[in-house]
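There are structures below to look over.
The following pair of complexes shares a single chain, chain A, combined with chain B in the former and chain C in the latter.
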Partner chain A sequence: MSQLPILIIALPLLFIPLIILLRSNQYSFILSIIVSLLNLALIIILFKQVYYNGDMFYELGSWPAPIGIRLNADLLSCYFLFLINFISLICLISSKDLVNTQVAKENIYLFYTSWLLCNIGFSGIILTNDIFNLFVFLEISSLASYFLISQGNYKKSVLAAIQYLFIGSIGAVFILMAIGILYTHTGTLNMTDLSEKIIQAKPSSSVILAIALFFIGVAIKSALFPLHGWLIRTYAYAPSIVVTYFSGTSTKIGIYILLRVFLDILNSINPFEYYDLAQLILFLSLFGVLLATFVAIKQSEIKNMLAFSSVAQLSYIVIAIMLLTPDGVTASLIHVFNHSIIKTGLFLIITILFINNNNITLDDIAGLNSKHPLIASSFLILLLGLVGLPLTSGFISKWYLVMAIFKSDYWYISGVVLITSFMTLFYVWLLIEKIYFSNNKFSDGHKINGYQYVCVFILTGLTLYLGIDTHFTVGISKEITVNTFYQLN
Partner chain B sequence: MNILIAHLLFLFISIVTLYLFRKEKIIGLIHIILSALSFLGSLYIIKNQTMYLQNTIDLIYIIPGISISFGLDHLGLIFLIISNGLWFMTSLYSERYLNLNEYKNKSSFFIFFTFSMFATNAIIYSSNLLTTFIFYEILTLATYPLVTFKKDEKSIINGKKYLYYLLGTSIIFLLPAIILTQLTTGTLDYRVGGIFDNYDSLTISLLAILFMFGVAKSAIMPFHKWLPSAMVAPTPVSALLHAVAVVKSGVFILMKIMLYIFGVEVLKDTSANNFIILFASITIIVSSIIALNQNNIKLRLAYSTIGQLSYIVLATAILAPYSIMAATLHLIFHALGKIILFLSAGIIATQTGIKEVSEMNNLSRKLPITCFLVLIGAFIMIGLPPTVGFISKWYLLIGIMESDKLYLLIIIIISTLLNAGYYFPIIYKSYFEKESSSDAKEITEDISLVFPVMIIGAIVILLFFNISFITTFIDGYIIRK
Partner chain C sequence: MKHHAIPRIVTKLIIPLILLFGLYVQFHGEYSAGGGFQAGVIFAAGFILYAVIFSLDVAKSILNINMTKSLMALGLLLYITVGFVGILSGGNFLDYNLLSNTKTNGQMLGIFLVELGVGLTVSNVMILIFYAFNDIGKS
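Moving on, here comes the complex of A and B:
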């Protein structure tokens, strides 16, 4: 039994009291960076061990599995764990200088505390093998994120946080009820145990109810169309560095829960077969892609545009999952990673360019090329990645998505997917024209610090690198599909 | 190190060099030197062709099983020498042209010009569909800054159209076609005789249509609008890129798909080529009719290009040996003829400010050499002797008679008449029409502008009398391989 899984959760927890006790703005930043770096190092070690030696688990207090709480790290966990913590670290590093202007001075140490707590919640969700603990960690991350959102400098930031609180709580209650129903049917909360016992439980209407509740809860948390309203409001009013962090993480956690619960734990009872649930979600998401893309084209506020773009991209991921084929799951996993990197990069650039975090319209970014040519070219590459042009990671995602759709029974939806992917170009090009062809002077005159440059270049570089060398994304995704979801095939 | 990779690497370094020495005064000269080196390199490759043919190099596997890989085939060899040779000629022309027209920001012009040629050469060398697709998209992106080079309202709108048409068709048609090919055959390599072992006519027909519309750089209607839009660019761009490099890449890719992805037998067996013949025929006729009504010289030439490109596609799709010969020959001859016309149009616009056909009255007195070059170019387009246009049309007619599609003769005859209909007014006006208002401003032809065009003109005339080395090459290597 290795201590690694618990360390990933416990280490930040040890640092948090220190940050609160020190109450220093500067130290809280440095400590958060240190703990995130350590955490990422641990995760890479864990990833390697899991990759070469297979799944790893940790039993809390040495209580054996069905009774005690167990942490379980398989490839799927490591893949998401690595992604989430990597993005958290990138955002933390570039938050230097930013937080001072966006967050009230006396709250900065609490801001970093909440950030770490939120990330602990995410890591916990990914690592736990206990379905009730999943709920607990979900609440930890949600509570922390309410605080993070409310720190925005808008009047409406608090309102957005409260709205998120209400909607998030509704989602959480749904999940809790679903867990309750599953518990009464199987008498266990351990995921591995549950997946075995759920077969013996007779397929009754209450199990179907549990599936429905769980799905709606997850759909709210991951902002699946048509439950994406909170995401748009949050992205508009939260501090932009928090938006950057959430754009790559919080919705992806929803995707993780979706994959883990529905395709892993409940896989034995085929939860998506009831009432053709998969088909319903598939077509809803397809409609979501269309709608979100149309709306994104009409946006004049850049963060809103990117938020709707996120809704569209998430719908692609859900479409891939709902094909219910190994290729579909692989495509979704690849796109989760690639899209996180690209979208975080885009939001990060907007964040560091406009630290005041006011409404950022298309005209504000005009003339960026003459002021910050390097940032402008990074932005260009990331946008091309979003469209999915070759040599960017977006192309790899698209290749596997279209391939999976062609191989499935739903080959005819490929047309909609391709056309919407082309329509991405419409709003992307609005930005590019402003950056490169406008005669306006770029007005925001503040300096971008070296850390922020490096972070942007890392994400841009990754977008290009993952478009050329796909051993990591494609290889790991295929491995996960075979190991976790389709063992029998 | 492999020479093909070396050539591409050289072009890439050229881009970097141009970026590093981006001084307005010397950049034109550097560009000329680089294009000359690239031309010499391609001559060297042709001289030692046997060493490099059928020898593919896998650079990197970006998707398991599919790599970015480069190689050279005989069709590529022809396109290679044409594009690099004409690049050198155009580089001589463009330095002078940009100076006379007082364009600013010459350095970015030459950088993206070289970038476009890099992409074109990479398309020529690519030895599977994925590599082709990657550089096809890069070529679109590399030419976009040249189309929008003037940065005014009109060029931005046209540039957007250009981009949407080319990227849109490649995303919506070409990409799924490639993925479908990969799924059905398990490979994307170009192979003589095609890669389809088992096939049904539905899949092949669907793929043929997807590929035809997907490679919109070949400007088959209804996805041709980007080409007239691209005419806002400075003349060297219209000449080299939108009469040679970009459009011929499209046709070249379509030819390779028909010959080396589908294979002649498969297309004949499934009759999928009929779709391509149908759309190419429509394009030939409709574009010629539109060209009749264009008063702007460059637009008339652009619609003429659309029609001529479809000649090449049509000739390939007929799939008879002589028609493939005609297609390959026309790939060369149209490039030579059209670049003469565009460069001459550029000279006329630069020296006299004339951009409309109706203003060309008695132009031959002012610009005798240029007007004679226009005459040669027009003869090639119509297909009259003693120009090479006649030869390719001759082979096309034989090819049609060889096949069982005699009705296509009607298309060719009508379109030849239409071609004459829109080229003869240009010739007639410039030689015989009296000037309406006599502003007797004396103009002397700028010899350094005309010189590169004269060389191309001389080559065209010489080729007419000594064509056998090309026809034997095509006959021996491309048709009967």
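Moving on, here comes the complex of A and C:
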């Protein structure tokens, strides 16, 4: 039982050499499904343990904490771990036909290897209690994701991967420099240790520089508003199942790092107080929501539309965090979960409908209702969730977001949030109109296999379920806020 | 390079030395500067020099791409296995103390095996990168 945190990282790592050694496309798929299932089971056990017995530590090689490397599983880690591995499993299960058509035959086993590596990177970022390891795992996931993106069936896929490589590397270098500065000031890399020792380091200009560098690095990784360019290009050219996977995971990892580093480790020196950083980011994000929503309305390509919608929703999450109130953090955590589920569902439907991954315009989806009525109604539910209609999980997160804004000092921005929510309806309506009220015939005729149906229904069902029973999202989020960020003392 | 006697002869002379130096760095990683990463690169450099001088086809007949990929995976497998042996013998992941009868021997053995895994993986990745650059433009 005490080995749980390391097994979540090491078990997939044990399967990766086996996949490379077998070099079989069939087995690589099956093995990655098996290891993802095992991982999800382990995470659920870990989640229960942490929920009932409190935080769990794990010392690698039995070296004690400030010297050795430590893994730390608290509720925040488990929440994100569960989300990311769940989405990874869903995407893997529905990936088979898509990978066979979109990825070159000789690269399929490497594709699944990279997928698992990317997921290990994400799990490692979440579990580690060592700030340098956070950087290492970030690089592992990034390097694997460059490969995944380059495997798209466009000519520009490799170019998109290289552009992401450059931008991602710049972000990683910023984070590394920030870690270096923090290390020179405190002499430790252990997060718990660092958060205690950083108070003694005087708030000199170099600490502020470290805060700024770290924030820019994280902002690049999580595609916050002015730095979201790579996300759009990547989503346009990567294999569509990879886009589905990343839409729910990779940007959310950025949000996790933001929460962990700024509100947990550096919280003791109030990193957002310098130069009114919180206010600056808040208003940038607000502008980002407006702009991204406007641009999304004008898009004719569905994946681009959803990508811009992702930028807008991420800005909501950042707005909620930057309120710097317990309610705001709770709202952001709820929205991370709900938005991941909804956006993954939307991308998954687009992905399984259009197996060739060519430009998917609004006209392509016309008449979907007559061809695949069940998929069409799932799509409708997920879209309504994106808008935030009652009885969907989107409503819950929007509700908590608006309530948090009302209770904070920035109550006047709630109008903008409500208006942009309403504007979401415009581009959602464009899709609904095409699906339900178009006389065109749906052209793409390939069969959707049963697993893909099940995956779509699970995500749709979750969207509805989390809109009615909020014990999981709201309850856990409130507990995380109290336990990790705003200790009641 | 068939008609260039000097590069061929010099290469034949220095490749054993490069490989030997690679092994030296590999096995003395825990005492002095070095370790699996550096040793892997040095070892791969020796092989790449051979491939440059004596043509790629000869090099590939010694170590083909699939073999290289398998060795790369084996290095990782060795590392992870050492980690799991720590768990199976009742300690934590990568706990070297339990690998042998005394703590010192265990640490020595653990570092040796892990660095061997790292060296194997790094050298084969280097060779794979070299092969990959050679394949650019061929297909």
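Methods note: the second predicted complex is superposed on the first by the 486 of 489 C-alpha atoms of A that agree within 3 Å, B and C clash if a C-alpha of one lies under 4 Å from a C-alpha of the other, contacts with A are read in each partner's own complex, and residues count from 1 in each chain.
In this text, a contact is a pair of C-beta atoms (placed from the backbone, for glycine too) under 8 Å apart; a residue touches a chain by one contact, two chains touch by 3 or more.
Keep in mind it's a predicted model, so treat the numbers as computed, not measured.
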item	value
Contacts of A:Val474 with chain B and chain C, given as first, second, both or neither	first
Which of chain B and chain C A:Ile170 touches, first, second, both or neither	neither
Which of chain B and chain C A:Ser62 touches, first, second, both or neither	second
A:Ala10 touches, of chain B and chain C: first, second, both or neither?	second
Winner by number of chain A residues touched, once chain B and chain C are compared	B
Touching partner for A:Leu391 - first (chain B), second (chain C), both, neither	first
Partner chain(s) touched by A:Leu40 [first = chain B, second = chain C, both, neither]	neither
Touched partner set for A:Phe422, first chain B, second chain C, both or neither	first
Which superposed partner A:Ile208 touches (first chain B, second chain C, both, neither)	neither
Residue numbers on chain A that touch chain B, as the complex places them	384, 387-391, 396, 398-399, 402-403, 406-407, 414-415, 418-419, 421-422, 425-426, 429, 433, 437, 467-470, 474
Complex contacts: residues of chain A adjacent to chain C	3, 6, 10, 13-14, 16-18, 20-21, 23, 58-62
Touch list for chain C against partner chain A, complex	66, 69-70, 72-74, 76-77, 80, 83-84, 86-87, 91-97
Touching residues (chain side chain B, partner chain A) in the complex	60, 62-64, 133-134, 137-138, 141, 148, 151, 156, 160, 163-164, 167-168, 171-172, 175-176, 179-180, 182-183
